[in-house]
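Here subunit A shows up in two complexes: once beside subunit B, once beside subunit C.
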Partner chain A sequence: MNRAGPPNGGGEGTEQRADAEGAGRPSGGDAKGTKKHLAAGNSGPPSGGAEGTEQRSAAENSEPPNGGDAERAPGPATPEGASGRVRGARRPPPGGPAPTPPPTPLSTPALRTAHRRTAHPVAWWGWALLLATAAGRTANPCLLLLIVAVAGLVVAYCRGSEPWSGAYRVFLAIGLTAVAVRFAFYLVFGGADGPTVLFTLPAATLPDWAAGFRLGGAVTAEGALAAAYDGLRLATLLVCVGAANALASPRRLLRSVPAALYEVSVAVVVALSVAPQLVASVGRVRRARALRGNTRRDPADLMRTVVAPVLHDALDRSLALAAAMASRGYGRAAGVPPAARRATGAALLVGLTGLCAGAYALLGAATPAPLAWGVLAAGAGAAVFGIAYASKRVPHTRYRPDRFTGRDWAVLASGAAALAGTVLSGLTEPAALWPATNPLAVPALPLQAAAGVLLAAAPALLVPATPKGTP
Partner chain B sequence: MGVEAPRPAVRWRAALALALAAGFGLVAMSWPLLAAPGGALTETTSGPWLFALLLPLVTAAVVVQLADGGLDARAVAMLGVLSAVVAAVRPFGAGAAGVETVFFLIVLAGRVFGAGFGFLLGCTGLFASALLTGGVGPWMPYQMFAAAFVGLGAGLLPRTGTATRAGRAGELVLLAVYGAVSALVYGLLLNLSFWPFAIAHGNLAYVPGGGLGENLPRLLAYTLATSLGWDLGRAVTTAVLIAVTGPLLLRVLRRAARRANWE
Partner chain C sequence: MNDDGIRFERVTFAYEARPVLDDVTFTVPEGEFCLLVGATGAGKSTLLKAVNGLVPAFTGGTMRGRITVAGREVRGSTPADLADLVGHVGQDPAAGFVTDDVELELAYTAEQLGLDPAAMRKRVTEIVDLLGLADVRDRTLDALSSGQRQRVAIGAALVAGPAALVLDEPTSALDPAAADEVLSTLHRLVHDLGVTVLLAEHRLERVVQYADSALLLDGGKVTAGPVGEVLAASPVAPPVVALGRLAGWPGPPVTVREARRAAPGLREALAGRTPPQDAVPDGPVLLEARGVTVDHPGVRAVDGVDLVAARGERIALMGRNGSGKSSLLWALQGTGRRSGGTVAVGGADPAARRPGERRALAGLVPAEPADLLYAETVAAECAAADDDGRAPRGTCAKILADLVEGVDDRTHPRDLSEGQRLALALAVTLTAAPPLLLLDEPTRGLDQPGKAALADRLRALAAAGHCVVVSTHDVEFCAEFAGRVVILSDGQVVADGPAARIVAASPMFAPQVEKVLPGWLTVGQVAAALEEGGDGG
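Up next, the complex of A and B:
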């Protein structure tokens, strides 16, 4: 979405608009700022040489107006990622630094491939959510395990070496915990019954004022199996989400946020960059404290001599950053005409009202279900339209837009195949999707669903694995 | 107090959007209790998942309405830095049962910077922390939404005089009590949102179409069995953290708010 057009709202804000290159490049001899950014910037590795130098934000090379802060808060946080969008990028500032021809990062094929390394994060999330929806429509353990295996295969093939790439394993552990918790609940509080008693726990019945539940009692094979199937379903859903966490880069995801949420996404990007700096700041303050001979450990003293300086430092840094951003036109009320703002507001409010009314209509029995669902859908549509319309009105450009390519659509389609297969199986052989646990039976594998889930493994072939060391 | 600069003002449209979102969130979280027998929601299994998907949309709509016309750069920077602090202190609470180190910050910041800022901080703080730890799960929309309303409520609390010692103490007590209550409600609502998924059979499970009389005792028993200890721990730690760190943090935040008033 390369919308570089200046806002149609009069000349206001012209001088507040910053040139993309001018803001993104150290304007003179500020190589220190660059190094600082790369060294202290992020938890993740600096994303590729080209991006590291290109996407420096306005904050780097700026002198905040309240001069004293410049020394204390060196190199404020850099809204990397979202700094790709700068208002009115085509217009150089009237009196700004002389615009030198911008280095064209996409011209060399090597950089192009470095940028297009893995599928779009939205595609990964869509793929994972479709797979999770497929998992939610079945309780067949074979199919669920197949989904877990497919997700694991794709993660093993396509993940990079970023800090978040280990999320799949973490979510696998969470899923196993969910199965264990479900099982413990079954043992203590009971569940589905059956004739095959495995063993009997000592039982106790709570008094009536405590709802009269029975604790313990007979543990049956059927009940245990039902609990295990149910737990496995939840675990599979969680594992699918974990796969999305491992595959999708959060920084790239933030660049795909609708333009209407621009300010908030900048805040999140600032947060992602500042968090590691806070850790460094704590270390610095504690070192200085130790050098002053203060090694006391009581919390009150720590509050006063560690927490307070770190917070002061962080907040002062945020002010310096704000000054730098304001001087380059970030976070300014752009020239959106009042009529457009009113239209946006109306669409959003109508959407929210529809969602609210639909949700309440779904609760009661008075409204027929199709009407309630329709109101809910209409509300959601109006809200989406409002956000999209607001995004259209925001005169931001996207620097190096992250486009949705054919491969990303293929990733999405492979996820949709899993869901389609499960839906087909649900129409033709619903018994295989929801295997009976009473009487005990070996669950059969529903063929269409299994074929669909296997198709969802296609990203492992489509998307190249990231070479080690170049995330 | 003269603390106006980084406060995103809540205009009437944003206030209306917030009210509507609160209504939707109430249904999205507590539908197991509110769904009447024979209602459309009890006849289907996909409804709850739909709520989990619609909640981010509602949150986004409210945030767009709150940021209408552009947030001030100072608010954006302050939001970013405080979200980083939230994300940085959150792991301290993850290890120990029931120790919650997020709320006191959101409550204090919401108090100083206002309701709109508190709402945004609840969203961005938990979002940033989820992104940093790779913990974007189905629970995240609910957590963001609930934490956002915790911050909003903190900004809406009545003002107390900060000039006198008694006024400051009264403010701390007010905030601590609010923190404890909101932490308990937060725990109950999150429990409620996850309850139908966490357990499907047995005495503690949600009964579709059971109505309030059938499901409320089950929910209470479920809360008692699973999370009451955690919720109490969260309430106590929030109140204690507010009482202990409140004087310092309120001073630091108010100083930052004053300094941000450079125009």
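Up next, the complex of A and C:
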């Protein structure tokens, strides 16, 4: 533990580096060596010999070591497998037989896990956020309930069987809590008033220095209704986010970030898995503490006997994880020239600064709008360029990346329809979007908005929930 | 000279002044399954990590000499650059998992190397088939058994198609069956892929039969050679080799099969003798557990277990990973959850007592002994244990001195060797003088001498009137230690009886000596009988 010095501790590093130079391995040559190795790796392990691999994979296929695979992989070779074969054999193995497609397929995407079948995570999140934006533009309870129903319908039809698929229900509960809290706030602090007094609570008016707040007092039907509409709007926003979570976990969304942000996404994934580990670690240490008969509760003792061991544990584990990730290739610099890396970094930085400045200018009133929009656009452009430029140069690839297909565009479009309908209604019948509560009235359903929201239910039909269609 | 495989040329490595590897030169030829043998703390992990550059990149220290793998220079590259060349699998696979999904974990290295997606997909599918993970490929990692997890870790290291695979105690946390799965998978990999495998393992008896050659690391020096020769000279050796040494068999044989062929002479010499029978302790009943049930969310871990034990008994609790051993121990101690049944230790239910009184009835050393320790020095730890147990000053330190010699008072508990740390945790537990002593998997990370010392200590404690219950996967340790064996399966007791009878009846739990010489459990027994025979005749 206390030996764990800095990486490449002390003068050691230089010694090692000198060795490397002496052996005549400039970084360019290294990169090439890696590529060669990879090309060999595509058709099998380098040491195994090319033709050995061919035969082996054939043998593996005709006689899977464990019978379960036979049902998993029926049917002819998938186009994907075949193209992989062709692309993988960029460098034909010397002396080996010409690459031929394997006799039996290695994979059939249609029968794989549930989460491959649904739409692209970006499409789901886009759809849900568009729906949420639509909800944010109205207080009409009919429309809001319609949005909740549509979100629920799509989740019920399209969600997979992953652990996070229950998120919709959780967010529904949170939404109901939001309504209740909003209502409680109205009861205590008051709000919109009206002539129809339902009952009167004991009231207290705060002194002037507290801005003369009134606590309690008359509860009116109009005020209660306004509070309920408001709470319902908040709840609908939450439910939309819950739907997105149920349909595609944030973790899956992270896998779709551009390659340039790969390292960031790995860091987030690791951080997400640390939390449950910490909880487990605390539980273990507390049980061990009970074994020692230590039940003291003073903070100093807890710090020493629970927090310190848990942190110790976490540090040990992160060192182990760092070593494991390094030995599995994380942080390989091979192939990216330093100039390109610097250019990317600069573009990203300038872009993000531009975005911030533009957003600030837009929100503030002092800057003329065209200038603000200009800065915003320039910033966004620089950021997009940086990410795109860097992504081209990142030597990492994704395992079975989610592809954005026409269907995903359709999912997005259906979400956009909801927003468009709401905007349209806002132009033609604003009163229906923001129904008056004083005097009391049954809110009318804004037709355009309702039609748009109904269109947003289209994914329920578009995205099959059963493993029938191939994506 | 062939440039393939793993080559060390005059490699010296030291932290500060203390050399761990001292002018080491050896070659593991391509495609060989090589076993790295050495006592605890001999530097096996250091040597393994040097193969892919984790040492010194992650540890500091000075290194001299040249290491090549498949002709490529290791020094001057980072471990990440070598990911396509060397796969490294650690002891605890969970500690090295980056994602939480089997397929993504398998693909991780390939993603880092920038493998073409289609080729990557084919490769992952091949690995899944090769390692027999087809049934679990869709699962999350925490839904796997520990054997499956270890196989996922091996698969993840193999996806990049490395020339060499380096494994640091891959089976020490596994039950015998799961260990067999992992090792036979490795064996197949060596044959099918031609990967060079270098593997360190304490439980030599599990691995020896698969190895082509061996390296002995002792005092910083490495001796290479055929498995038999290396083990004959090694301070740590599986029982069958010790038996061969005792009987003077040529070779010596390293597997049970070879030993059986050499054994007839020894069987004759032992004919008519029986191993000394343990007197069944007839002390007063100490532990009486009836119908103990433990429910974890979604699973019944312990299902109606009855266990009655007297003072002086030495009980080994065996069974596969997840068969409920740990849950049972924690429930017996009273700190763990118990959903049903009764437990009485000396007439009192420990779960109904406060933790301070509970530990005076039953002491438990958890699977991770370091969890019990939280002070900065051994001396402070002992003092804290005295305070916790309201024992007179120096009680814990005295127990520790009895258990193990030469522990420096000022050492940080986490810097102790595995054996010393276990002894300290044991001393802390014994400070409260519990009549019932429970140990959860105490032999992880201990080499043969360490395990023998632990067995002696526990025997002495039992002789002093404690009832000792140990859960273990280690059949050799069980043979050394136990008087009685209880086998759990799916939370139920499937066998309970004297050690000799129970382990002899189960091929899975029989020690090596019993497989060669039915009726005999340990080399010690055989040696004693031969000596006696020599004196008599």
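Following the convention adopted for this analysis, the second predicted complex is superposed on the first by the 251 of 471 C-alpha atoms of A that agree within 3 Å, B and C clash if a C-alpha of one lies under 4 Å from a C-alpha of the other, contacts with A are read in each partner's own complex, and residues count from 1 in each chain.
Note that a residue touches a chain if its C-beta (ideal position, glycine included) is under 8 Å from a C-beta of that chain, and two chains touch if they have at least 3 such contacts.
Fair warning: this is a prediction, and the values are worked out from it, not measured in the lab.
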For this session: Scan A:R403 for contacts with subunit B and subunit C and give back first, second, both or neither.
Result: neither
For this session: Tell me which partner A:R304 touches in the superposition: subunit B (first), subunit C (second), both or neither.
Result: both
Exercise. Regarding the shared-chain residue A:G293, is it in contact with subunit B (first), subunit C (second), both, or neither?
Worked result: second
For this session: Considering only touches as defined above, state whether A:L321 meets subunit B (first), subunit C (second), both or neither.
Result: both
For this session: For A:R284, select first, second, both or neither according to whether it touches subunit B, subunit C, the two together, or no partner.
Result: second
For this session: Could you list which residues of subunit A make contact with subunit B in one structure and with subunit C in the other?
Result: 65-66, 163, 266, 269-270, 273, 304, 308, 312, 317, 319, 321-323, 325-326, 330-334
Problem set entry | subunit A partner contacts - residues on subunit C that touch it in the complex | 4, 15, 30-31, 49, 52, 54, 56-63, 70, 72-73, 75-88, 90, 92, 95-100, 103-104, 107-126, 129-130, 132, 134-135, 138, 140, 156-158, 160-163, 192-196, 330, 333, 335-336, 354-359, 363-364, 366, 368, 370-374, 385, 388-389, 412, 414-415, 428-429, 432
Exercise. Which part of subunit A faces subunit C closely enough to touch in the complex?
Worked result: 1-10, 12, 15-17, 19-21, 23, 25, 30, 33-34, 37-38, 40-42, 44-49, 52, 56-57, 60-61, 64-66, 68-69, 72, 80-81, 83-85, 87-88, 106-107, 112-113, 163, 251, 266, 269-270, 273, 284-285, 287-288, 290-295, 304-305, 308-309, 312, 317, 319-335, 394-401
For this session: Could you pull out which subunit B residues touch subunit A in their complex?
Result: 13, 16-17, 20-21, 23-24, 27-28, 31, 34-41, 43, 46-47, 49-51, 54, 57-58, 60-65, 67-88, 120, 123-125, 127-128, 131-132, 134-138, 197-205, 217-218, 220-221, 225, 244-245, 248-249, 252-253, 255-256, 259-260, 262
For this session: Report the residues of subunit A in contact with subunit B in the complex, numbered from low to high.
Result: 43, 65-66, 77, 79, 133, 136, 163-164, 166-167, 170-171, 174, 178, 181-182, 185-186, 188-192, 210-211, 213-214, 223, 226-227, 230, 234, 237-238, 241-242, 244-246, 250, 254, 258, 260-261, 263-264, 266-275, 277-279, 299, 303-304, 307-308, 311-312, 314-319, 321-323, 325-326, 330-334, 336, 341, 344-345, 348-349, 351-353, 355-356, 359-365, 367-369, 372-373, 376, 380, 383-384, 386-387, 390
